[in-house]
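What follows is chain A paired twice: with chain B in the first complex and chain C in the second.
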Partner chain A sequence: MLGLNKKDTYLLLLVAGLVIFAPFLLNPFPEGSAMAQFNAGYPDLMQRFVIFGVFAIGFNILFGLTGYLSFGHAAFLGVGSYAAMWMFKLFGMNVLPALGLSILTSGLFAVLIGYISLRRSGIYFSILTLAFAMMSYSLAYSVLATDMDGPDRQGLLQKGLTGGETGLQLTLEDPRIFGQQTAGEGNIPVPNIFGLEMRSAVEMNVGDWVFTFSVGYYFAALVMLLSFYLSIRIFRSPFGMMLRAIKSNQHRLNYTGLNAKPYMLAAFVVSGMYAGLAGGLMASMDPLAGPERMFWTASGEVVLMTILGGVGTLIGPVLGAGAIKYMENILSKINSDILHTWFAFLPDGLEDFVITLIYPFIGKGWHLTLGLIFMAVVIFLPGGLVEGGQRIARLFKRKKPSTKTPDGKTTPAE
Partner chain B sequence: MGILEVKNVGKRFGGLQALGDVNLSVAENSVHAIIGPNGAGKSTLLNVLVGKLIPDTGSVMFDGQSVLGRKPFEINQMGISRVFQTPEIFGDLSVLENMMIPCFAKRDGSFTANAIINMMKDKEIVERAEQMLEEMNMADARDDNAATMSRGNKRRLEIGMCLAQEPRLLLLDEPTAGMARADTNNTIDLLKQIKEERDITISIIEHDMHVVFSLAERITVLAQGTPLVEDTPDNIKGHPKVREAYLGESQDAA
Partner chain C sequence: MEAIILQILNGLDKGSAYALIALGLTLIFGTLGVVNFAHGALFMIGAFCAVTLSRIISLSHTVIDDTQTDFLGNPLKVEVPYVYDWFGQATGDAIIDWAVPLSILFAIPVMIGIGVIMERGLIKHFYHRPHADQILVTFGLAIVLQEIIKYYYGANPIPTPAPSAFTGSFDFGALMGFDAGQIIYPYWRIIYFMFAALIIGGVFAFLQFTTFGMVVRAGMADRETVQLLGINIDRRFTLMFGIAAAVAGLAGVMYTPINSPNYHMGMDFLVLSFVVVVVGGMGSLPGAVLAGFLLGIVESFASMREVLDILPGINQIIIYLVAIIILLTRPRGLMGRKGVMED
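Up next is the complex of A and B:
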């Protein structure tokens, strides 16, 4: 189907199913129950799952296929966000043109950064990308945030191109020449797709459960599915094969009459455009763009997502993005009061002891948990969560004699 | 005029004159062997031919065109393919994919932007790659991971990958080094068969005299960066200078 083989089609359908039913799947616990804390089926978080999924899918095209580790991909995320914001300010609140500009701008930016960074490989490439991202951050934070339309005017460029530390925000004065400048009741209009607002949502009550379906989530999810589909096509194309060949033996490739440079640059630009698209989506869900989106920790996060999920696998980055965003948003919200309600059944002394043990790993300490999980995965499951899944699947298949390749490593699938 | 003309090539590494003043002419459709003791500069000469090294002096002409200053992939596209001392293949790819890459390089050149086309739907390439595997007697290994193959088979695959590009000049750097006798004999047969079946010039560096004398039509003896003699195998065997400089001190001598 759609030019995919059977296995890839199933994978795509599986992901589509998960994404469509996510509002149910991620809300397994009834409202008000002790476990409701673990529900992740609210639009804000689900949007983050799919948006970071897009970011990680794109990152994996570069890192997973070619092995070139970029430490500066957040720069493209930021560029995409700023581009979308400017589209909202100047032309109107429809998200489609905004995303178009996000992709275009980050793509051009990636041509420049990629052209220079790809002169080196290995650790030097990583350092160059990191340097570019930090320069972009400081450009956004201060250099491009100076008053550009003169001290006596209060125009669009009052706070520069990026708005500096507070970020780029929408105002009632923005021209929005193709849309409305002001929404009803004098409010700033919100991002929409042909009038359908991103933040609008329907709630559905089933017994004690509450499920929320929002336009923003489903729009972002659709974009993610398209991105995922495109990445499968890239993985299975001659282009994808060349990229894997670069990772495997660049030397041989050169002596086989192939020029690795343009292939690498194309991979870099495509993955930069994915990041830009993710940045544009962020601005579409919440119209605000700040420089912290370009900070090096944001670049590191997508590396973690990809490795946690499974480098070079199709679905790994999406899983990794989901896992990290889940922990960031769910673990970090658990506090000691919640722990006390959970462990109230224990005798007092033991209860306090257990809570003291767990406490460092929740709330603000969620990074500690993430670190431990990450270490465990890298040491015991170098293929990430996908490898974990494959091992479990193999455990169940044990009974039948295996007809597949011994380690299932020949094709980057799942 | 040979298909390959090397004139007055010199190459220094710091204080070491790796190539002195090399003149070499390889006739089209011949098998030309380059022999010499360790450190004689054989690999260095090959590296100059494929664009890995740029010589300090001299010229290298392939089919009337200079190769100097061109990148390795450009020289390859001119029609020179190289087999390495240790087999260089794409270990993470399947055997079929390994074979598809040179087929793409042959058909589409050094870069094409046909990014999103389904690779397995490119019938022409898949068929050509399968046909090459058939010719190399490797069709059974089609879906294996290339890294899991034996050294002999990796060498066979590498040679097949070079042939898939239909090169006019095939360069081999010690293709049987580290091989068991049986694998060595297989390689000799393979090269003989290649020579019979196609119009191809083969230039081979080899320590194993059995291989050299089974294949070569002409032999150049290199010592300390300069060619000592160039002659037919029979004359080389009895040449006093060669015995002294090379055969005398080699355990592999036939």
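Up next is the complex of A and C:
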């Protein structure tokens, strides 16, 4: 189907199913119950799952296929966000042109950075991309935020191109030449797709459960599915084969007379456009863009997601993005009161002891948990969650044949 | 002229910090071939060694002082540090005042210990993994160390003052025949620069003039041959990792009066230090030191008002800009050796 083989079609359908039914799947606990804080089925969080999914899928096209570790991918995310915001400010609140401009701008930006950075490889490439991203961050934070309209401080550029520390925000004075300047009651209009507002949602009550279906989530999810489909096609295409060849042995590729540079640049630009798309989606869900989206820790986050899920696998980055964003939101919400209610069944002394043991890892300390999990994954499971799943699956499969055919081979002494 | 001298001086203290961290990074890279993203965290831990020591020696107990009374007429309770009891008030005050320099003695064994544990416990297993894996695992370690420090010391910067003897500023201008007050420079920054020069000189002398250093240098040039000669090079490299950690830690200890330590100071310095290492040339110790001072001075020149008027914001990006230009024109960095990280 759609030019995919059977296995990939199943994978795509599986992801599509998960994404479509996410409001149900992520809300397994009834409202008001003790476990309700583990529910992740609210639109804000689900949107973040799919948006970071897009970001990680794009990063995986570069890192997973070619092995070039970019430590500055968040720059494209930020550029995409700013581009989308300017589209909202100048032309109107429809998200499609905004996303288009995000992809275009970040693509151009990626051509520029990629052309320079890709002249070096290995650690040098990582440092160069890091340097470019930090440069973009500093520029967005200071220079591009200075007043460009002159002394009157009234015009569109009164806070510069990027708005500096506070970020770029919508105002009532924005022209929005193709849309309405103000919504009813003098409010700033919200991003929409042909009139359907991103933040509008339908709630469904089934018994104690409350399921929320939001336009924003389903739009972002659709974009994510399209990106996922495109990434499968890239993985299976001759172009993808070429990128894998670069990863396994670039010298041999050069000796066979193939120039790897254009392929690398193409991969870098595609990956940057994915990041820009993710940035545009972020701005569409919440019309705000700030420089901290370009900071190098944001670049580090997408690396974490991709590694955690599984580098070079199709579904890995999506899983990793989901896992990290889930932990960020749910783990950081748990406080000591909640822990006390959980362990109330233990004797008092033991209860306090258990809570002191767990406390550093939750709430504000969730980064510690993240760091530990990440280290464990890099050390023991370089293939990420996907490899973990495969190992478990193999464990169950191997049982049968091993009983039938005893291993007759001898291992040579070393 | 005054302005130029002042900017060079201003660049020196930041340059010293860059040079010290970059020196440690290069030591680790040159000996073990590992790209250590946790090196900034070691710098930060060093700074918190100073915080810890100054807290330990200010530990106090309450005594009831009969000579003083509070507003109700009761005897006043006063906190008396234990050092007063042991050494008398004058010496005790001096010890508390000199907490930061004293931390050097405390930080050296702690940092060497941390370095050795890190190398034996974690980094050792990553020698034969790709550089990307080394970057990632040390990045993870940096997050973990940073969060542990944050858990125990909180997220706010902790002011740790220099000894009161060094709080003032030194008038360089008067010394060199300019008008008084033209070039003034805080004492502690002079100390920091001299300390950095001392450490750098010490490390180079250690490598150049001791048998141990000679073996290490031989190991950096050709590890296998040294091993074939029956020398346990791994143990020496482990110790070098400890020394590199100590260099970073000492840079952190002495930096505390300049910048109050907080848990993410290491990460802020790490990014720049990597740029410094790359500019200096991967694996070249003199290159790292040179590039550290050079970039520090370039950065301080870019922060001059005259420059900022022409190119606003240039001070924020100048280091990255220099790094990009150098990497593209001299791919091995300023003093990089041939054959290091070329594939």
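By definition in this document, the second predicted complex is superposed on the first by the 397 of 414 C-alpha atoms of A that agree within 3 Å, B and C clash if a C-alpha of one lies under 4 Å from a C-alpha of the other, contacts with A are read in each partner's own complex, and residues count from 1 in each chain.
Please note the rule applied: contacts are C-beta pairs under 8 Å (C-beta built on N, C-alpha and C of every residue); 3 or more make two chains touch, one makes a residue touch a chain.
As the structure is a prediction and not an experimental result, all values here were calculated from the model.
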item: First, second, both or neither for A:V19, with chain B first and chain C second; value: neither
item: Touching partner for A:S142 - first (chain B), second (chain C), both, neither; value: second
item: Touched partner set for A:A323, first chain B, second chain C, both or neither; value: neither
item: First, second, both or neither for A:S237, with chain B first and chain C second; value: first
item: Contacts of A:I116 with chain B and chain C, given as first, second, both or neither; value: second
item: Chain B versus chain C as contact partner of A:M285, first or second or both or neither; value: neither
item: Where chain A meets both chain C and chain B, residue numbers; value: 251
item: Chain A-touching residues of chain C, taken from the complex the two chains share; value: 35, 122, 125, 129-133, 135-137, 139-144, 146-148, 150-151, 267, 271, 274-275, 278, 282, 312-313, 316-317, 320-321, 323-324, 327-328, 331, 341, 343
item: Contacting residues of chain A [partner chain B, same complex]; value: 3, 5, 230, 233-234, 236-242, 244-245, 247-249, 251-259, 262-263, 266, 405, 409-411
item: For the chain B and chain A complex, residues of the former touching the latter; value: 50, 71-73, 76-77, 81-82, 84, 88-94, 97, 100-102, 104-106, 109-122, 125, 143-145, 161, 165
item: Complex contact set, residues of chain A against chain C; value: 67, 69, 116, 119-124, 126-128, 130-132, 134-135, 138-139, 141-143, 146, 251, 296-297, 300, 303, 307, 360, 365, 367-368, 370-372, 374-375, 378-379, 382
